[in-house]
Each structure stands twice: as C-alpha cells, then as structure tokens.
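This report concerns only the one structure given below.
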Amino acid sequence: MQTQEMMLLVIISESLLEDMIIDEITELGAKGYTITEARGKGTHGKRSGRWTQGGNIRIEVVGDGALCERIIQSLIAKYDVDYGLLMYTLPVTLQN
Amino acid sequence: MAFEPVVLFFLLGVFAGLIGSDLKIPGSIYEALSIFLLLAIGLQGGVKLAEFELLELIVPALIILAVGCIIPVAVFPVLQILGKLKRPDAASIAAHYGSVSVVTFSVAVALLQQESVDFEGYMIVFLVLLEIPALVIGVMLARYGVGTVRWGKLVHEVFFGKSILLLTGGLLIGFVAGAEGIKPLDILFFDLFKGVLALFLLEMGLVAASRIAGLKTYGAFLVTFAIVTPILSAALGTVLGWMLGLSVGGTMLLATLYASASYIAAPAAMRIAVPQANPAISIGAALGITFPFNIFLGIPLYFWMARFIHTVGG
Amino acid sequence: MAFEPVVLFFLLGVFAGLIGSDLKIPGSIYEALSIFLLLAIGLQGGVKLAEFELLELIVPALIILAVGCIIPVAVFPVLQILGKLKRPDAASIAAHYGSVSVVTFSVAVALLQQESVDFEGYMIVFLVLLEIPALVIGVMLARYGVGTVRWGKLVHEVFFGKSILLLTGGLLIGFVAGAEGIKPLDILFFDLFKGVLALFLLEMGLVAASRIAGLKTYGAFLVTFAIVTPILSAALGTVLGWMLGLSVGGTMLLATLYASASYIAAPAAMRIAVPQANPAISIGAALGITFPFNIFLGIPLYFWMARFIHTVGG
Amino acid sequence: MAFEPVVLFFLLGVFAGLIGSDLKIPGSIYEALSIFLLLAIGLQGGVKLAEFELLELIVPALIILAVGCIIPVAVFPVLQILGKLKRPDAASIAAHYGSVSVVTFSVAVALLQQESVDFEGYMIVFLVLLEIPALVIGVMLARYGVGTVRWGKLVHEVFFGKSILLLTGGLLIGFVAGAEGIKPLDILFFDLFKGVLALFLLEMGLVAASRIAGLKTYGAFLVTFAIVTPILSAALGTVLGWMLGLSVGGTMLLATLYASASYIAAPAAMRIAVPQANPAISIGAALGITFPFNIFLGIPLYFWMARFIHTVGG
Amino acid sequence: MQTQEMMLLVIISESLLEDMIIDEITELGAKGYTITEARGKGTHGKRSGRWTQGGNIRIEVVGDGALCERIIQSLIAKYDVDYGLLMYTLPVTLQN
Amino acid sequence: MQTQEMMLLVIISESLLEDMIIDEITELGAKGYTITEARGKGTHGKRSGRWTQGGNIRIEVVGDGALCERIIQSLIAKYDVDYGLLMYTLPVTLQN
C-alpha cells in the first residue's frame, strides 16, 4: 500500500458556474473532482440556495501543487471579480 | 375590480416570509412546479394553436415582437440618466422588463377564465417569442464597446434554457397530439393547473418577502420605475392589441405580457452575459415590486383598459 | 368495526421499514406532502367555516381549549411518578400528548366520509387551536424553577412555525375565497387529498418502523402509557363533545383530537425549549405506538364511543 | 401504425439532453414519480386481480416464468461468443434483458387503453414475477465457478428492493381494498397515471440522451443485439400468450414484458452481485436503444403480432 | 497573487440549530461561512436526515485563529451538552 | 477546554455502497461519521448523481491514526478494484 502526499484544493462558488469551472479544471489537467451542493455567505452577500438567490457548489480537487496553482490562477482571472468565489488549499495524504 | 383568489396564496407566502416563518418549499419541489407550469402552459397553447392557420400568425407575431423591443430600448436611458445606475445594471434591468413572466401571464389567464372571457389561444406563442429578444438587447446595451460577449454560451442559455424548451416543447406536443390525443393528460396538465399555480405563488411570496427588505437600499426611483414601467408597457400593449384586432381577452393578455418582467430566464441569462450587474437590484425590482403590483393591481387594471379601448374604440 | 383502506399504506410502510427495504420517500417530497395536507385541511375548514356565525364559536372554543389543557397537566405527574422519567422528559411527553396530530385527524375525517357521516366543518378550527397551549404548558412544566426559557424564540416557533401557519393560512384563504372562489382549486386540494394522505401514511409507516425497534429500551410503562392515554383523552373528548351538542361526527373528531399526540410541531418546539429531554422517547411513544394505535383501533373505537353516547344520552 | 402521444415527451427529453439544455428533473422528483408509478400499477393490478380465481393463475404463471428464463440463458452465449464480451458483462446484460421494464409495460397499457382493447388485469402479476428470476440467473452465469456470491444481500436487494415492494404492496392493497375501497384514491392513482407517465418519460428521454453518446464506443454488435433481442423475445411471448389463451391485449402485453429490458432493478442488483461488470454497457443498451425501440416501434409491432396470431391462429 | 495562512473551523451539528449557530458566528465576527447538508452518527445517536430524526448541517468557517477560538468557546458553552455537536480545526491556505 | 490531535479520513465512494461502508467502519471501531451527498468524476467515469449513473457519498471519519489505517486497508481490499473510491487523510484538531 503506498500513500502519496498531495494537495487538496477546495473551491466554493456559484452553482451557475458549475459547467464552466468543471470545463476549466478538466482542461487544466485535473484527473477527477468531487462536488457537493452548498450555500453560504461572503462578500457577495447571502447565497441561500433558494432559487432566485442561487446556491453555491463546493468542489474538491485532489492533485499536485502545480495543478492546484494553475486552477487557482485561472479561476481568479476569470471569476474572482464578478462572482462569489472562495478557494483554499491544504496538504492531504492520498490513500488509494 | 376583478379579483382572483389564487393571489391570496402569494399574500400568505409574503406574510410567512416577513415574519420569518420556517415555511419553505423545497428547491426540488419548486423546480418540479415550474417544469409543470411551463409544460402545461405550452400544451394548452399547442392544443389551441392546432385550430389556427399558422401562416396568418406570422405578421402579427413580427409586429408584436418589434414593438416589444421598444420597451428595453426605452427604459435603458431612463435607468442610466434618471436612475443614475451603472451601465451594466441599467442594461440588465432593461432586459428583465423587456422580457416576460410566465406566472404573471398565468394569473391573467386565470382571471379571464374566472370571468368567462375568451382569448386567442395563440397568445401563448407570443409568450414564448417575447422571452428572447429583450435578453439579446440587454446584452448589447451592456457590452456596447466594452469587452466581448460569449454569444455562443448566451444563445444556448436562452434558446435551450429550460423555460423556452419546455414552453416550446409543450407547444409542439400539444400541436401534434391535438385536443383528442392530449385528453388522457388533461386531468394532470389542465385541471390541476390552477392548484399548482397557487402553490407556486406561495413560494413566489416567500421569495418576494426576502426581496422587499432589500428594496430600501435602492430607494424611491427604483420603486417608482417598477410600477410606472409596467403601466406604460401595458398601455402600449393595449393599443397594439386593439389595433391588431385581438379580442378583449387577447388585448389584456398582450398588455400583461408587455407589462410583466422576467425573473427566471432573464436573471440566469444576465448573470452569465453581464456579470458586472448586481442581480439583487434587477430581481428585487422585478420580483419584489413589479410582480406583486401586476398580480394585485396591474392585471385588473389591464383588464379594464382592454375593455375600455374596445368599448370606446369599437 | 369501521375500516378505512388508507391505513393499509401505513402497514406497507411499516413492513418495508422492518424488513430493511431501500424504499424511502425523499425528504423534499415528504415536505411537499405535509405542506399540501396542512394547506388542504385548512382550506377545507375555511370553506366550511364561511357558513357559520363566528361569534357563536368563541364559547365552545374556549371550553374545548380549557378542557384540553387538562391532558398535559394530568399526564405529567403520571410520567414522573409512575414512569420514573426525568422532569424534562415527562414535560416533553406531556406536551406531545396534549397537542394534536393532523394526520390522525385526517384519517378520522376520511373514515367519516367513507361512512357518509356528517360533521361540523369548524372542527378544523379546534385542530389549529389545540396545537398550541399544550406546548406552552410543557415548557412551563419543564422549566418551573429551573433556568430561563427563550420564550420569544418559542412563541415564534409555535405560532409562525409552518404547521400552524399553513393551517391558519389555508383557513383564512378558504374563508375569504369561499366555496365558489376555491372551486378551480378543488381538484388539487380536495379530490387528491386522500391519495396524498395515503402516500403520507406510507412514509409515516417507514418512520414508525424505525421507532418500533427503539421501543424495547423504554419498556412496558411507556407502551401502556401510549395506549391508555389516548383512550382516556378520547373519553374526555367524547363526553365534552356530547355536552357541547356536537353531532356524532363532531364528537368523534373531538375525541380523536384529544386522543392524538403531536409528532411534528411538538418535537420541534420541545427540542428548542426543553433540549434536556431525549427526543427519542417522546417521538417513539407518539409515533411508534400512539399513532398506529389510533389509526387502527382508536379511531374506530372513538367512532363507536360517539355513537354510543349519542344513542344512550340522546 | 398505432401511436400514443405520451411518447412525445420522451422525444422532448432526448432532444433537451442532446442539445445540452439545463433541463433536469430533480432526483427527488424522479424518485417520487417512480414510487407513484409502481404503487399505481400495483393498485390497478390488485383491483383487477380481485375479480379472478387466484388458483387458476398458478399454472400459467409457472409456464410464463419458466419460458421467461429461456431469454437470459439464450442471450448469454450470444453475448460471450458473438459479442466477445467478458463473462461478467455478458451475464449482467443477460440479466437486464431477462428482466422487465415497468415503464415499457405502462406505455403498452396506455396504447391498449387508447385503442380500447381489453386485456387480462392479472398481467401485472406476471410483471412482478418476471422481474426476479432473470436476476438470479444472471448472477449464477457470472459467478459460475468464480468466487462467492453474497446471496443474502442479493436476495434482500431483489425481493425487498423498492420496485418489487411497491408493486406487490400496491397489488395487495388493491386486492384487499377492492374497487370500492380504492375509489377515493382513483383520481390520484388512476386518473393522473398517464400524466405522470408523461413526466417520467421526459426524464427517461434526458437519461437516454446521455446514454446515446456512449453507444458509439460499443459498436454495431450491441446495437443490433439491443434491437433483435426484444423482437425475438416478443415473438416468444406472442406465441406463448396465444397458446395460453390470452386475449389480444394480454398477448401483446406478454410479448412486451418479454421484449422489455430492466433498467432500474437489474442495474442495482448487478452492481452489487456482479461488480466486475461495466454498468455503462448494460444500461446503455437497455436504456439507450431497447427502451426507445420498444416504445416507438416495438410496442406497435407487438400489437400487430398479437392481432396477427389471433386472426391467423383463430 | 498573495495567499494567506488561515484556520478552517468545521462545525457539524443539528439542522435545527442552523439559525442560532449562524447568528452566533456572525456576531462573533465571521465574514462568511459555507453550509452543506449532512447526516451522521455520534454520541447523540444516529441522525439520518429523515424528518423525525432530524439531519445535520456541516458549517465551514475560514478565519483567523482567534475567531475560531471564540466560536468554539461559545458553541461549546451553549450547545455541547444537549445537542449533537462536533468541531475540528485545521490550517489552510486561503488563495483568493 | 482540552483539544485533541486526531486524524480525519475522507472517503468518497458510490452511494450504493453506503450501507456496506458504514457497517464496515462501525465494526472497525469508528465512534461516529458524517455523510454528505456528492457527485464527481474519477477513473471510474462521471458520477452525476442522476439516477441511472448513480451518485457519490462523501464520508468523514474523525479518529486516531490506527482506526483510519484499519478502515483504509479494509475498504481497499473490498472495493477499490470494482467501485469508484477515493480516500485521503489529514491531521485535524478536535475541539469538543
């Protein structure tokens, strides 16, 4: 059983952007991703997930540092100004 | 003044929202209700359309579309100059008011049915057609000289977005199957329609309540705008409907279409195409003021206007 | 003994739950079904209420409320002393049994309709009224001399919680719109009512099944309590209904209201106001024993009691 | 050729899926629609079954079951040898085609009703029975000599899985309550049935669209297989139905049952019991090809075959 | 692009408490939060998310250590005894 | 207030396996777990959460290193080959 030190990138953004973000991270080389439905509040106001306010999605990508960095740069450039977006990274140990 | 009990459900929703009740319609149920309403209204239109000569509709349809484009173009400078709104916000609001609201239309139809007033079945076709051009105009207004638009994405969003798709899909199915073929579906799509509309209005009330709070921020201009615009647009529709020779019911529905503001298709399209616009302003006006105004005061008023012009104008 | 097929769906749910089937009603559907049932029952009551002189209802309503308060006050010491339950648990269970169950009431109404027995339409008003005082009494019993209660939060939870809100909202809409105005909604809210009740009972069966397992832990006292309490409460309701001059149907419904235990409003309110109480005990008793007892044996029994007292008492 | 408008909804779904519309039926709504369809079809069967002598059904049921088992056993070597599929995949596909599809059956029933053709009410019992043996055969084919099967888990999955449970549960409730007892539920479970089927087919179309893309990968063999198998199975059913003395309607329904491939019960069971099989292949064939083939061309064909054999065979 | 070392606080508790916890963390100074629906099991028994058992919510708050500490103290004082509650923290790198 | 250094194990797998995985981790000694609904993509293809494709679940288990190791070994042995499965671990500080 070998384990592997990887980076976990968590992206929280507007549900509306799902397709575009997924296209982006796939093109940049992500091998996989996991999405959960979320709601929340931030500098762009409350996103309750009720229809007219829209909801959030929470995307997890496990990858190497370079991949995460590429995704971060690209999403900041495209979506950070106009859309709700929060990204953070942390080191994790991949187990399988 | 004519009154339709179904709007009481909207009031209940607003009340529940304002007092902070834990009542909420689950998101998936809301989705299901909208799918139902859109399909059902499409089917109804399709069944009625089957009785008409399609070619005869082309000219009035083009006129109604062209005149409808006046609305977003006219309100845009008002919003920019009088309202001092930024270009993207003005353009986004223009798109909302140029487009139409399916639920407002449904309440108007419900009123006509309750008052036993006939209308041209093909009005539903105009509902579908009018959803679209205002959105395109809104994007052009916002982007004129500024940056590039992802037109491909936008056109896809608008034409293949679920509202238009279900409306036109229902229309086609109704048209192909005809009244006879649809009969076994009548009880679901026709007889239950108004009850489902009631539940939908309950949810709309809940959402509108959450918008009402935010309105203070935007001030008197927006509130005035959100009430005056539908009245003027309805006047335009009333005159046009009468000139096109529509019945009283048809005239009232055209006025309602012009007067109504979109709060489903437009917000989604604008968020993609004009992301700089603050969605809270446009949805707040369309859903927090114009929608309730229309269902409580506007629709009865437009009904009166339609009867008036037909009485006076002959 | 009178038998109503709708309870078979409850049995199916219990069976599915006990054998560990993967059948489950999605949460949002369950929410939608409850919203529907509460609104529909409110509307039905409202339409019937419009035929009555409201002022004449005040005195019987006050009496029914006052007598209803006896139930939680009486069972509390029984639970503490005989049942050896801790104060918060005893108080919480008292609140559950003092309050009422909308679904139990609906099954009773369904039985009356099947047997073509009339009842006073305003019984639904008592259903709304009786939801509340027991919850307040429960909180007072739990907190007497111990800590402070967040009354504001609690009152809000109870009065503006969705159950009461939808029931009273439906009542008002039905009252304002009247039978005529509601007619286009009849098919959704009235004709489909029993079918929806059937689906709801299916889900109740699934949940009850998950409760039945937990009951062994609480032992014979709780089981006995959960069967004897409704019978005694029903007896109280039968006598009171007869004394107030209610019809056989109305008497049976009042008995059912007293006999039923809340498992929606009460658990939510108690979790907020009496968090020390273990919710598994109170819901287990109310939903795992009393509810099935009532719909299978209780309601037919209360029906028999109502006919008996009207025959004997004249 | 006979045509049933309800399939137009499937086309709308396929179209929406292929153009990448954002239309989707929320998961919980899909769940609710399936629960409804399964319960409703069970209830309908149960009510009709109450009119028959149960004992007389045992022999034909056993024959229909035994002949039904031929299908998975016959297609397995074809898939392995001609299709060059791996053992688990061949076994899993065999199980899918040996089992049956409730929605295909429902569309066939809808066609018969539209054409006012009678059929034996107890056909629904065979629908329930035929779901099961093919799954067991599939597992045995996959595991013959290889590893161990968690039979306990599998049997539980199959017998107490929600499809079988709701079908048999509805059957029993309908049987016990009878036409009279079910009457207040008629409007929900019977009158709305076809409308709900329409919505369900819309979702099926969306899903089928996502399958169609994947089919290119599997090539001509699978496409041919997915069209030829139902035709041959239907021929078997037609001859058997005629030999058993079923009516034209009953014969056509038996042919449809044999011809239909499961895409709910089978995928879930195979994923547990034969995890080495690639679910995309079996579901792709069953849902992406066989299902649309059956509802558009197959069912009218099987109807023609049933009439033909009854005309020719007398 | 500057990144920032922050603390991520994850709170898992009963859905019923959502409003109260959100009020609490907002008053204590959180600039934002993200909520996902959850279910689970712990010392307060199984919370399946079915209606009569209630479900859980999983709240994420990205903030500085002091904020997280304040929230933790306050939630422990108010809800730890009577309600299902689990809280853990970990360091993350905020990327936007 | 004492805090405790623990391990967080995140398991992402097919919804279908929920009962079996929960049984497994409970038998191996987990005191609790938290589940959220998810969807995603990985080497076993896209799992959109639509019915015929199936969805994923995301399970969090807070425990000591040994427990996490036992769970990882057991799940790899039983499910890694035939089913969608992703597991990663990271250190967290338990706060209550």
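Per-chain numbering from 1; labels A, B, C, D, E and F assigned in written order.
Note that in this section a contact is a pair of C-beta atoms (placed from the backbone, for glycine too) under 8 Å apart; a residue touches a chain by one contact, two chains touch by 3 or more.
None of these values were measured; they are calculated from a predicted model.
Hopping across touching chains, the smallest step count from chain A to chain B is 1. Of all residue numbers used where chain C meets chain D, under half belong to both copies. The two sides are thus made of different residues.
The geometric centre of chain E is 20 Å away from that of chain F, both derived from CA atoms.
Note on chain placement: the centre of chain B and the centre of chain D lie 41 Å apart, centres being C-alpha means. Touching of two or more other chains is recorded for residues 26-29, 31, 187, 192 of chain D.
Annotation for chain F: residues 36-37, 90 touch two or more other chains. This structure has the following touching chain pairs: A-B, A-E, A-F, B-C, B-D, C-D, C-E, D-F, E-F. Of all the residues in chain F, the ones that touch chain A in their complex are 9-10, 12, 36-43, 56, 58, 72-73, 75-76, 80, 85-90.
Chain A meets chain F in the complex at residues 1, 6, 8, 26, 31-37, 62, 90-96. In the complex of the two chains, the chain B residues touching chain C come out as 5-6, 8-9, 12, 15-16, 19-29, 110, 113-114, 187, 191-192, 194-196, 198-199, 202.
Residues of chain D that touch chain C in their complex: 26-29, 31-32, 35-36, 39, 156-157, 160-162, 165-166, 169, 172-173, 176-177, 181-182, 184-185, 187-189, 192.
Taken together, the chain E residues at the contact with chain C in this complex read 14, 16, 45, 49-55, 82-83.
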